[in-house]
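You will see chain A twice below: alongside chain B first, and alongside chain C after that.
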Partner chain A sequence: MDELKCECGHVNPTGTILCEACGKAVGNRQNENKLLDMRYEGSARRSQTYNKSIIDKIWNFFSSVKVGVSLIVIALVASSIGTIFPQETYIPSTIPASEYYEQEYGAFGKLYYLLGFHNLYSSWWYLVIIGMLGMSILIASIDRFFPLYRSLKNQKVVRHDSFMKRQRIFGITNVSNQEVNLEQITERLKKQRYRIREENGNILAEKGRFSRWGPYVNHIGLIIFLIGGLLRSVPGMYVDKVVWLREGEMKEIPGTNGEYYLKNNAFIFEVYDKGNKEDEAFVKAIEKTGTAIAKNYQSNVTLYKQEGEVLPGEKPQLQKVKDFEIKVNEPLKHDHYALYQVDYKLNEFSKMSFYLMDKKTEEKFGTLTIDLNDPKPSYQLKKGYSVELMSYFPDFEFKENGEPTTKTRIPNNPAFIFKMVTPDKPEGEVSFVAIRENIEPAGENVYKMAFAGVETRNATALTVRKDLTLGILFAGGIIFMIGVVQGAYWNHRRIWVKRKGEEIWIAGHTNKNWHGLKRDIALVVQTTPLFEPTDQLNEEKFSNKGEEISG
Partner chain B sequence: MAELSGNLLYASFFLYLIATFLFGGSIQDKKGAEEKKQNKWAKLGITITIIGFVTQIGYFIMRWVAAGHAPVSNLFEFTTFFGMMLVGAFIWIYFIYKTPALGLFALPVAIVIIAYASMFPREISPLIPALQSDWLHIHVTTAALGQAVLAISFVAAIIYLVKSVDQTRSNKRTFWLEVVMFALMCTIGFVIVSSTFAMTGYKESITWVDKKGAEAELEYHIPSLIGPNEWTLADENQMKPLIEVPAIINAKKLNTVVWSVGAGFILYGLFRLIVRKRVAAFIQPVVKNVNLDLIDEISYRSVLIGFPIFTLGALIFAMIWAQIAWTRFWGWDPKEVWALITWLFYAAFLHLRLSRGWQGERSAWLALIGFGIIMFNLIAVNLVLAGLHSYA
Partner chain C sequence: MDKKKRRLMMRTVILLLLGAALVYALYTNFTKDTANQIQMGSEAPNFVLTDMDGNEHKLSDYRGQGVMLNFWGTWCKPCEYEMPYMENQYHAYKDQGVQILAVNVGESNYAVNSFVSRHNLSFPVMIDKGQEVQVAYRVDPLPVTFLIDKEGKVIDRITGSLTEAKIQQHMEKIKP
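== the complex of A and B ==
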């Protein structure tokens, strides 16, 4: 196919509908009596020009707005399905998903689970929809931007008569016996911030052309955002771990490869107190709720950095970095890492003390204190008296066969098997001790371990997060906002004034907000002999409402 | 301070009501028929609206001072604020287009929203740690403003449809327009039912068995038509529930819905009996002087203005705050997803309008659906779909 040469002399690329320079229809696709389809300035879009190879077909598919809107609607419906029941991440971790949905929501819940809707947003088909949407955004933008840019750049001041006549805003004034002051018109247009191009007494006044780029700018933003989302799966970009720290405890921060250590100095939990002066305003709400309303979750921590190389088994060389109070909404940030307050546990058992006691006389032979997270194998008491810790169950329960066992390593319900060695029982007596339980498996003992006291401490859970994609996502978001504001809050308006013998023709076009364009023109022509051009969409001849389209 | 704040809210509520009638008068007045020429009624109407708006800002500031945080932290406060932003958005758009008809429809919507809001607990509640952030103010206010401007497009669309839908024949269009009117009646029904029983101090204690098989207590504040699983009444003389629902359904909420819809039916039925016309047909003469093109443009313009604000507030600011408070910027929480759905919907709206030429009536129907999604996100997502945003 050849390039299209318009009668005005301008050479247009293949597929052009309206000449880039003068606006005359060069493709013969439009009905002469209808308003011009000004979409994309009638420029030559690849998708409208080629449809042979498979690549053309794919290109044309994705560049279609119809397809794009369909994809948006599909994504919308799919997203809504995922909110019918909570996603798997929000269900309690104590029950497997396979049971949870059926138990909570009956048969529908089971079906929901079986269809995989409990993990909908990471399902392959959801990602395919989003991927196709991304393709559509990219291809549709490329397909339109370049021809549109070319067309607006090549436009001439003087437009072809047919172009003028077939604009939605159009009017003719016969000025044979009147003087029309074109300078005044130009001045008025300039005052309304139109940029003016003049040629032999013809005027092209244009403003807000940059708003035409808005959609493409915001689409670039969206694509950057989607790329940011994809990059998360690249190793090293993203860390998401949880660390539990008891008060006084120091641990390597997971996900930092041993670079950082954190010590929990204290965990603080506060509730609103109606007796408290500063919470006065909330008395009614506190009384109505009945339960305590949380005011603050806070971990006072110290961050340490590991210096130099550490050989396995060697103690790390730690350098203090800083003290920090981590609260909800106030994470500790350091070196791309952020530590967030996410969970806590109050009053976890940390130490338990017992007396070694003669059951009859209740005479005590010393106290021992067991660190529940680091128990010693034996404890020496008074001379000749000692206690051996034979077994320890931090989170004790009985197995089905009656054997004691531990559910977890956390001392929620500690139990012990002691061997009490005394001068009169040098072989030792065995005793099983749990909270409110004392079993003597080998028959009646002379001695017992009597509970002397317990110490507790709080524990905090912190999420460790590193997300190097945030910058990219943020940039994408900002670019999107710029583009969407650019496209929405400004309008591309053009007014053509053409001298034709004794007549002056005025035509106007805007990509949106016709009301504003009409107001602009009215201000320009008032008090001049020029008629205000009419909106041809409202006239009989072109009464094809709903068909008229603006680019 | 808190009391003064409450009184200011009442005052603004009545001012909006008065302004509605003034706008009604302005439309009846023949001098106001032509657009852009404001008559006395319209001028008075917008003045009272602005006074009402300022009064409501007074409520907002007073409550802020009393609570120590912006009053946008629970369903009552947020919904009231949304109503206020709706009035603000109306004032803004009014000064661009000067159409009193918009006031006649926008203010009643705002009034119903504020009335609806005040059915929720109104105590000043303290902020839980997750909400203690300046982002609460930034995110919530921007999101509400965005939704309010988008809601103006709904108001304009209603005007468009009331005028353009042919009421001489009954068809799908008249039906769906009546559905919208009916939904409005249900909301009013909810307000009437809740406030009537609240005034009489109605209380009903019911013991029931939850899905884990444990006994639990429920307190109804309106008579129980829908009873929970294996209910027993504390007081034998109380009205017995008509229907018992299984434990996986929240009987108390369903009961409220049934009452509201029932009241809506009664209101709507009474209206039809007395007026002997469809609601939309009854209103139609009021908008006969409205310029359809202008109303269409207002509807579209509101989406154009509201969409970027909504994106900023409900998605971008939301993501920034979520990253700070919840450790991740996005977590597929129902409220987040519905904000995304709202955004996708209006994106589709704009694409259909800009590139496929969906103007006028088609665009108006879309604006109705869009508002439906916003309301769903405001009401259903908080009350029905449990998630991180269910503060109220």
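== the complex of A and C ==
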């Protein structure tokens, strides 16, 4: 026989402990304690029933609460280990991780690095733990929800005597010579918002069944949350990049696959100013700190959209989308992308001007302005005078052998080798010019390049962010909370009233807050001949088996 | 029994789905670092750049030939080091159907021109002013060299400076 037929005629699935309909113990698994184990209504949890194939064995493993709790503990411990030292993402990029941890934290740091804890949250074993936790949550829920649902749906009004007797709240009243007004009892139960089912003078009053689904709703929320986390690695779902833009520069926004371009029109850095009327309130604070206090970081940008198919390197066909002022906490948002102000660099050299000057007479023969990011090979001054740029070092330093060289392409410390061609020196004089430096390698010159001025510009750094998983994470979180509230703020209470000859039996069950149930029953039976049922758990101290945990 | 079979089926399907999700999570996590790079064997992103002599070079026009695509900067010493070797091998292989395209990462014409004349480079040198080609090829750090075969597929990505022998080996590899 695959199924269990109860005395009452109801056919239960294999593995059922208490008949779904009448509650009589079927099968032989129920122990002989005085009180029933009401967990999951004594329904047939599938995992407990079949254990033959490998699939069943895996299923049973993940269905186990013990396994689930162990996984949670393991995940907690692992996650906390990852916070002992900073993860690799957060260490300075100037030192390799292999040296950093030992240098900063000694032998323990080295061990931390060797064990791979510096990248713990993306390690395979951490992902496996989280993945197994997800499987455990889902399978355990499936394994419990359906049998529980079935049991509660199939329950009958009249329960078996043995079921009634072995409830924690139970009492018998002999009513042989008194009239009991069942109408009144039903009325009172209804007033307390119980749903009533009646059958031949027997009553089942039930409320808050909805609370039993709380844990499952909660688990669905968790699963959605995990799926959201998983989706982050799907291309197109998540972007997190940084773009640096100098004033006047326009670039493709990284992460948009060439779809959007951004131009930096200006970067503005403002500080609180004592002299400014607006900032009067802050005078004391400004004086106290003594240094400049930042008031505003702002990038004035223009967003462009690429129209049509254009190859990289080809001139983009841009359509202006909008102008925007990006400030801290006021990102430019467009088409799921957001651009946040994240960093800046002030006063990078952009242009330098020089006079061509006679050293003795200090007579000037015109000025030239060099765009440090796009210098010209030669500059014509007035007739007969010109300056050739022989060499240019944007970020100048001397090599070991004494030759000038450049460290980077950014004009942090520009230096030039000029050839000055004049009517009296037609073959030209060579001059090496750097900041506060003027070297004449070929002996004394007649002319010199005199510094005339410098123009600077600012650069801004913006974070490019796109996160389509945010909505999913939010939904998961909200469903999670709904589940918690559902399970925590409502109780599933049932009261059975059974007429048996000259006796009336009352039994009660709740998944939590027994005091509340007792109060409900007390309100129903007061002024009637019925005795208030007793709490059998208080009468006799059971070893522990009788106490049940809510499902 | 019918019910039993259905149960087994359901369990198997659910376990397979969950297993697949886990495997996917692990897979994307491990390919995360390489996902930011051009995949070997994939088609080389097409581009158009103009060289210092004003000639347009479109990568797809070089189908049928091997292309050694080099990204460099004038301040980058290892880039400078490999230039003369590339120049030598360019002469040896240009008639055998292997091209060299050297893409500067967006410096000034002045800097590139003086670099080219200092090293007497005769292969096409171009400037990626908008840095779009670098983005397409995920260039970082310099120098980096891509070997593109006659079908337009990226067959190798080499970071760091190349010796002349290495360059020759690579040229041999992409020779049509």
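Heads up, the rule we're going with is that the second predicted complex is superposed on the first by the 443 of 551 C-alpha atoms of A that agree within 3 Å, B and C clash if a C-alpha of one lies under 4 Å from a C-alpha of the other, contacts with A are read in each partner's own complex, and residues count from 1 in each chain.
The criterion applied here is as follows: a residue touches a chain if its C-beta (ideal position, glycine included) is under 8 Å from a C-beta of that chain, and two chains touch if they have at least 3 such contacts.
These numbers come from a predicted model, not from an experiment.
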item: Partner chain in contact with A:L138 - chain B first, chain C second, else both or neither; value: second
item: Which superposed partner A:I439 touches (first chain B, second chain C, both, neither); value: neither
item: First, second, both or neither for A:P377, with chain B first and chain C second; value: second
item: First, second, both or neither for A:A75, with chain B first and chain C second; value: first
item: More chain A residues in contact - chain B or chain C; value: B
item: Partner chain(s) touched by A:A488 [first = chain B, second = chain C, both, neither]; value: first
item: Contacts of A:L111 with chain B and chain C, given as first, second, both or neither; value: neither
item: Touched partner set for A:K327, first chain B, second chain C, both or neither; value: first
item: Contacting residues of chain A [partner chain C, same complex]; value: 2, 46, 50, 53, 55-56, 58-59, 122, 124, 127-128, 131-132, 134-135, 138-139, 142, 227, 230, 233-235, 250-252, 254, 258, 311-314, 316, 373-377, 389, 391-392, 394-395, 405-409
item: Footprint of chain A on chain B - complex, ascending; value: 2, 66-68, 97, 121, 123-126, 128-130, 132-133, 135, 211, 246, 248, 293-294, 297, 300-301, 304-305, 307-308, 311-312, 315-316, 319, 323-325, 327-329, 331-334, 337-338, 340-341, 344-345, 347-348, 351-352, 354-362, 381, 385-387
item: Interface residues, chain C side, partner chain A - complex; value: 1, 3-4, 7-8, 11-12, 14-15, 18, 21-22, 24-26, 28-30, 32, 35, 45-49, 58, 73-75, 107-111, 113-114, 126, 128, 130-133, 135-136
item: Residue numbers on chain A that touch chain B, as the complex places them; value: 39, 65-66, 68-69, 72-73, 75-76, 79-80, 82-84, 86-87, 89-90, 103-106, 121, 215, 240, 272, 279, 281-282, 284-286, 288, 293-297, 327-329, 331, 338, 340-342, 463, 465, 470, 473, 477, 480-481, 484-485, 488-489, 511-515, 538, 545-551
